[in-house]
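Following: one structure in structure tokens, then a few remarks.
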Amino acid sequence: MSHLHDVLQLRVRYSETDQMGTFYNSRALEWFECGRTELMRRRLGMSYAALEQKNIFLPLVEAHLEFQGGARYDDLLDIATTVEVSGRAKLRFGVQITQNANGKPVVHGYTVHAFADATGKPIRPPTWFLELMQKAAGPAAT
Amino acid sequence: MSHLHDVLQLRVRYSETDQMGTFYNSRALEWFECGRTELMRRRLGMSYAALEQKNIFLPLVEAHLEFQGGARYDDLLDIATTVEVSGRAKLRFGVQITQNANGKPVVHGYTVHAFADATGKPIRPPTWFLELMQKAAGPAAT
Amino acid sequence: MSHLHDVLQLRVRYSETDQMGTFYNSRALEWFECGRTELMRRRLGMSYAALEQKNIFLPLVEAHLEFQGGARYDDLLDIATTVEVSGRAKLRFGVQITQNANGKPVVHGYTVHAFADATGKPIRPPTWFLELMQKAAGPAAT
Amino acid sequence: MSHLHDVLQLRVRYSETDQMGTFYNSRALEWFECGRTELMRRRLGMSYAALEQKNIFLPLVEAHLEFQGGARYDDLLDIATTVEVSGRAKLRFGVQITQNANGKPVVHGYTVHAFADATGKPIRPPTWFLELMQKAAGPAAT
């Protein structure tokens, strides 16, 4: 099994904090999206925006999050994202967010995505897309 | 000049607070939207969702906000919204947000909206829409 | 085992939609929060805001979401929230979001919360809080 | 009069779009915040996070926004921020957001900030802060 992997750095915005002084929980799902977006642009060679222009959408069908530690305004975070390259009808992105300064874990989780057209109707993953992923991942270890 | 006026109550969500302990500033624009939405449903007799289904959109072109006082998680707020009924090409919604408990001012501001079709192209406000507004506002004072 | 249960109605805000035309995924976690907030106020007789004023915080430690169907701007949703009354060190809120108009499922999930003080340090759930929950839930079925 | 000026690049997140297909209006205020944050870190040599740790807060008291053009998911934006260096009791940040690809204007506006302590009480701007700004801005043109 091959994988695509990428690490994105971003800073916690003031708008993402809450009165407890750390980030509000739902922001993690938005950071997961930033991780997926950059992984596709950098590793797959095709942005998610370009994919949607080809009438292929990846709606979220499942998400799981474990909150491991805090992150404050202006903290620099590493969003490490991995997607498994398989022929399955769904894509699964695994994510580990850590503090860039000291590697302390912040959020661990994953998202599962279906393939759909612009109307939301499920579709089979296009062969060219699976081949693009396979090519980007390189030869699997034997 | 006639007006449509409505007051919506809503509570500050935890997700809307920030580490300063009050609401994050951009939430006010989201509350302004809630105020417009309910004013149209309750006073105009036509929801904004229904308006968009008729291919009429009201994109925001200008907004102004004055932050007058804090509001904490779970505070009950009154969103008082007024729209001026005129034949102009733009709609202007005035908003005053206050604390429901004691009337203390929280945010004062306004938003200005153009009329556009689904592609974002500016259109003239439909006559039937202006008549609907005029009818809802009732006879103007003389 | 006893439970506290509550259903909150809310409408999808325009700010909660995304370009796919349905709600953006992270909003579901914000709606989960609204459901917890109202369940505590209505069923427990003590708001979460009052709990924090007693220096008891319920930080999120785990969340799971299954996206079952779309919801568009202005759709009226039922947020059904259930919390299990037990003596455990964590609280688990189960949530089912459905379309109010036709009962169609939108999101299913849960959140798990630790007990902490204002500094984020884990604490044991106070006895008075557990008794308050038990009293609110009423006698368990035998 | 001297100025501090900085340009930050950021991409529109999917979570920042709405069903009209462009960014939701309140996101602009969050981008304004990102611009201020980076201007202070890069040009002033003191982050806003560090300023808050010295018990100096800059709550927003007024904001104005003009929406000039759309921006879609993944568009790269330039957030150009300028702050006027004066001895006044308030700070005014002017912002012009443009499309990085072609310079098309997206949002124009400003925010005005008071000086306050951690409790929200207004304070006079500290002399050392004003000197820091003046030094960062360099000698004013004569």
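Every chain is named by a letter (A, B, C and D) in the order it is written, and numbering of its residues begins at 1.
Following the convention adopted for this analysis, contacts are C-beta pairs under 8 Å (C-beta built on N, C-alpha and C of every residue); 3 or more make two chains touch, one makes a residue touch a chain.
Remember, it's a predicted structure, so these values are computed and weren't measured experimentally.
Undergrad: Supply the minimal count of touching-chain steps required to go from subunit A to subunit C.
TA: Each step joins two touching chains, and the minimum needed here is 1.
Undergrad: Between subunit A and subunit B, two touching copies, which fits better, same or different residues at the interface, with half of the numbers shared as the threshold?
TA: Same-residue interface.
Undergrad: Fitting the CA atoms of subunit C to subunit D, what rotation angle results, rounded to the nearest 5 degrees?
TA: 180
Undergrad: Suppose chain centres are the mean of their C-alpha atoms. Which chain sits farthest from subunit A?
TA: Of all chains, B has its centre farthest from that of subunit A.
Undergrad: Taking the mean of the C-alpha atoms as each chain's centre, how many Å separate subunit A from subunit B?
TA: 35
Undergrad: Rounded to the nearest whole Å, what is the centre-to-centre distance of subunit B and subunit C, using the mean of the C-alpha atoms as each centre?
TA: Chain centroid spacing, subunit B to subunit C, equals 29 Å.
Undergrad: For subunit B, jot down the residues that touch at least 2 other chains.
TA: Subunit B, residues with two or more chain partners: 14-15, 26, 29-30, 33, 72-73.
Undergrad: In the complex, go through subunit D and note every residue touching subunit B.
TA: 20, 22, 25-30, 33, 57, 59-67, 70, 120
Undergrad: Enumerate the contact residues on subunit D facing subunit C in the complex.
TA: 14-15, 17-19, 21, 24, 26, 72-73
Undergrad: Which positions of subunit D touch subunit A when the two form their complex?
TA: Of all residues in subunit D, those touching subunit A are 11, 13-15, 29-30, 33-34, 37, 47-49, 52, 72-74.
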